[in-house]
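Input: structures, listed below.
Shared chain: subunit A. Partners: subunit B in the first complex, subunit C in the second.
Up next, the complex of A and B:
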């Protein structure tokens, strides 16, 4: 009878109150995360707790901001690359988009950095396509780039 | 995280919002007045080109006005034959390189897992999230937006023909990422939650990028290669 009573107290899964790990291990859990901090933030539990929680909050917020930050970065890189070619991003992106070239800002920024000749060729084509479609004010576009022949794009030799 | 990214795709403005030209009318009005300078700040040469840091600058082009239309009727020279010769010359050169495989290492931009990657042979891509292919599977990347070499680039509108490019890849590893912590806390509200999660990562190796046929050729039947009936 006695042993059964003890067993029911210890192993009752329906108990509402669960004390969890001991005080020492609860503190180790926080102090492990503050191990690389400096000063009392590193060793004193009450101070470490505040800063660890704040750090975790910042990391959660930062993960949300990451994708939009990257999108802004890619847009900035494409814009800078287009300005180097003497046009702006609107001309570049719309000239490509009207030709159904679906490269996004991420891949275009990669091309601007690592494949500048491809980026320049795309930009020259985009300028001509933009001008020929009649987008925007043509007076603001500057002189046309040389060495672009648009006509061949739609001409296909039929092999019979 | 994957869910959050999916949401941001909905929230973030699309490409079209970048393309809106807000001050087009304003600049055209300014141009009509005689005393107003005719450049806009957007077309000013960049600092690096002014300081001589860049070897070649095409920003000079922006300072010149667009050639005005002639006031009277003018005979236009027909250059279509010359352009046709230029086109055929360029195409034959590219085809010559493709036939001899004298182009160097190729790079490509492919669409995979709803995002675009610039790849070259021997690259390893990490695909994040649930993706069915298993280790050892050999796959062919079919959505090819662009293929380039040192001398030429082939751009798809929007995709290149499947019989033009052959990109082979192998799934080499499937594992979980490091543990991410999602921690929420509201001050003075007795609210605190902490969750841990790991993403599925699939590593694929790009084995080869090959150009398998010449450009500017139209076959009798297209789009049947690689299909099983």
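Up next, the complex of A and C:
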């Protein structure tokens, strides 16, 4: 029995009561997260702990908001790119969607920024496709741009 | 910022000057059109932290058209931070004092709140009439389409054309011209500072 007591002093993971790292290292864990703060929030453990925990809460909330924020940003970029071509985002997305072109807003917004001519070509096709499927009112939509080959679909045009 | 991103200059030569004619336009609706150009929302490179907005020159702000009877009903609140220094100024009074303020406040309200709002407001140039200083007029390269077409007044139509229009109905004999304009102000109530948007009480005087 005496021997087992001595044995337990040596670090043993399976012991029921495990004191873990020393006080110093426990504090380092928190103070590392507060290293970029200012004032006593940075160096005093008791104050740093409060603000680090609050900061971690904010970062958890921010993780959830990030995806929706990015989705809104990509939608905004595609919409402004489509409006430059003279249509709107609904025409652009639905025109591509009905032709089973599976590009999401993120890749479309990348195209709008870095490859505007590709974006324009896709847009011209989407407009023609949208009109030929009879989705929107062609009078409001305007004549779709020419130079697009649609296989098996009727080209729509405003009759003067 | 990495050395790779330092060479990335989104807004190089990208500040465009737009012209917007405010004649007979609703300022509160056109503010959202102007916002699109002031904050750069119309560009695919838009990002809320990206300072990619353009300049907008608004002309004819004197001839702005408020909807309904808003000239008499809409009150602009101001507080000078002294006790009892609250003021509610009616839209027509504000317009008399400064004929660019209604447009300015409408755009300021429409813009997104943030650190970029003041710099964006500085890129808005409002002029009460169509006279623009030549150094500003030289920069303008684009005109924003108006929200609605400017209607022609009866005085502007030549008499010969106006006479050709058939008379669709006769006015009643006791009709007084201008008597049925709703929102007509009571001249006695004119310069009263008001607590709430102006609404005449009791029987209407007209």
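Convention: the second predicted complex is superposed on the first by the 123 of 160 C-alpha atoms of A that agree within 3 Å, B and C clash if a C-alpha of one lies under 4 Å from a C-alpha of the other, contacts with A are read in each partner's own complex, and residues count from 1 in each chain.
Quick note on the criterion: contacts are C-beta pairs under 8 Å (C-beta built on N, C-alpha and C of every residue); 3 or more make two chains touch, one makes a residue touch a chain.
Owing to the predicted nature of the structure, the values given are computational and were not obtained by experimental measurement.
Within the superposed three-chain model, A:73 lies in touch with subunit C and out of touch with subunit B [touch as defined at top]. Contact with both subunit B and subunit C is seen for A:83 once the two complexes are overlaid on the shared chain. Contacts of A:47 after superposition on the shared chain: neither subunit B nor subunit C is touched.
When the two structures are aligned on the shared chain, A:59 is found in touch with subunit B, with no touch to subunit C. By the document's definition of touching, neither partner reaches A:30: not subunit B, not subunit C.
Counting the residues of subunit A touched by each of subunit B and subunit C gives the higher count for B. After overlaying the two complexes on the shared chain, residue contacts for A:112 are found with subunit C alone; subunit B is out of touch. After overlaying the two complexes on the shared chain, residue contacts for A:100 are found with subunit B alone; subunit C is out of touch. The interface of subunit A with subunit B overlaps its interface with subunit C at residues 80, 83-84.
Contact residues on subunit C toward subunit A in their complex (touch as defined above): 41-48.
Those residues of subunit B that touch subunit A in the complex are listed here as 1, 4-5, 8, 12, 15, 18-21, 24, 27-28, 31, 40, 42-43, 46, 49, 54, 57-59, 61-67, 80, 83-84, 86-87, 91, 107, 109, 115-118, 145-146, 148, 153, 155-158, 180-185, 194, 216-220. Note for the complex: subunit A touches subunit B at residues 53, 56-57, 59-60, 63-64, 67-68, 71, 75, 80, 83-86, 88-90, 93-94, 97, 99-104, 106-107, 110-111, 114-115, 117-118, 121-122, 125, 136-143, 145, 149, 151-152, 155-159.
Listed in rising order, the residues of subunit A touching subunit C in the complex are 73, 76-78, 80-81, 83-84, 109, 112-113, 116, 119.
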